[in-house]
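Read the structure below first, then the notes.
Chain nomenclature is as follows: A, B and C, assigned in order of appearance, with residue numbering initiated at 1 for each chain independently.
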Amino acid sequence: MSTLGSAVRAGASALAAERMRIEVAVSNLANAESTRGPDGQPYKRRDVVLQTTTVQDFDNSLGRATAVGVEVAAVVEDQGPARRRFEPSHPDADKDGYVTLPNVDPAEEMVDMLGAARAYQANLTAIGLIRDLVQRALDLGRG
Amino acid sequence: MSEITSDSGVMAALRQQMTLAAARQAVAASNLANVNTPGYRAREADFEQTLDGKLGDPLTLTNPRHLPAAEPSGPASHEAAGLAARLDGNNVQIDRELLSMTQAAGEFARAQTALAAKFRLVRYAINEAR
Amino acid sequence: MTIDALKGRIPSGLPKVGGGDAATTPAGAGFSDALGRVVDAVESTESQANTAVSGMLSGTTDVHDAMIALQRADLTLQFSVQIRNRLVQAYNEIMRMPI
């Protein structure tokens, strides 16, 4: 695997993964107050599980420096406890007057989203930088 | 002439510099890509090993130790020291990696410029010394 | 290709100097050796360049390594052409000498 080529691939994989994290965070925020979903249950917060991509053995044996990327292993439902709020007037309030709300903490989602955005931006910068280097390497073949 | 027909001397050194810079980029890119991966530890390129003259032609190197899959592969990278881990166990710092990439890009570019100049020089010498 | 073009310009018979067998006389051996070295260098760098370029296209070789291999092959060829020209020149001068 060309060293710089693998670096670009790694960056691109990060763009995809961080985008997914942002989308999930947005979805969590949008559904933070959703007491009843299509299945009649309150929305459950979703989480993106990231893992490092594995390098092919072939590249290992070549002994070249090869970058590793990241991939979304799974998007899981947060099984943490739901929030409960005392609001007897709510149509979904139980017999004690409490409403069960999604286990979404808006502040936490914002932090996740900003972190993902920052990582996205950094990897975008990295890709641009490496593309310039590849161009310079190609220039070596000229004249 | 021998410098052209055999990979030695200044040309080989410049080529080596470009390869090393590219390796640094690969390591930094891996770190940046995994900045939010739980448990991932930042790595950095190994310069000591590459300066002791053992590395002639990088194309013929074999990886002395088979690295676990979750790390950048290649002959010369190790876990970076002195970086504090966050709650998820990740210790990658974006600014540090971007700085490293910028520096490596500069080294790559400088070596490329020098190499290109050397090629032009040799070409001129060949064609003008008729 | 270019190797044949190189060889084609050197007459197949080397000059007989001093009446001995062309290949064993010092002058004959000198020309032959010089040209042989030159052709070897061109073949070597050219095959390295081919390997490097296919490596680059298949993603196993770095771009800069491939570009350097290309330049080396090109410069070696150019240099060899100059050497060949001088060899031919020298040969012709020798042939023009009255015995």
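Note that a residue touches a chain if its C-beta (ideal position, glycine included) is under 8 Å from a C-beta of that chain, and two chains touch if they have at least 3 such contacts.
Keep in mind that what you see is a predicted model, and the values were worked out from it rather than measured.
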Statement: A correct list of chains touching both chain A and chain B reads C
- prompt: Which chain pair is joined by more contacting C-beta pairs, B-C or A-C?
  reply: B-C
Query: Whole-Å distance, chain A centre to chain B centre, using C-alpha means?
result: 29
- request: List the centre-to-centre spacing of chain A and chain C in whole Å, with centres computed as mean CA coordinates.
  value: 59
Task: Could you please state the distance in Å, as a whole number, between where the Cα atoms of chain B are centred and where those of chain C are centred?
output: 35
- line: Within chain B, the set of residues that touch 2 or more other chains is 18-19, 22, 58, 112, 115, 119
- request: Pull out every residue in chain C that's touching 2 or more other chains.
  value: 61-62, 64, 68, 71
Statement: Touching two or more other chains in chain A are residues 3-4, 62, 64, 137, 139-140
Footprint of chain B on chain C - complex, ascending: 41, 44-45, 61-62, 64-65, 68, 71-72, 75-76, 78-79, 82, 85
- prompt: In the complex formed with chain C, which residues of chain B make contact?
  reply: 1, 4-5, 7, 11, 15, 18-19, 22, 58-59, 112, 115, 119, 122-123, 126-127, 129-130
Statement: Contacts from chain A onto chain B in the complex sit at residues 3-4, 6-8, 10-11, 13-14, 17-18, 21, 50-52, 54-55, 59-70, 115-116, 118-119, 122-123, 125-126, 129-130, 132-133, 136-137, 139-140, 143
Message: With touch defined as at the start, can you tell me which chain B residues reach chain A in the complex?
response: 18-19, 21-23, 25-30, 32-38, 40, 45, 58, 61-63, 66-67, 69-77, 94, 97-98, 101-102, 105, 108-109, 112, 115-116, 119-120
Message: Using the touch definition from the top, list the residues of chain A that touch chain C in their complex.
response: 1-5, 62, 64, 134, 137-141
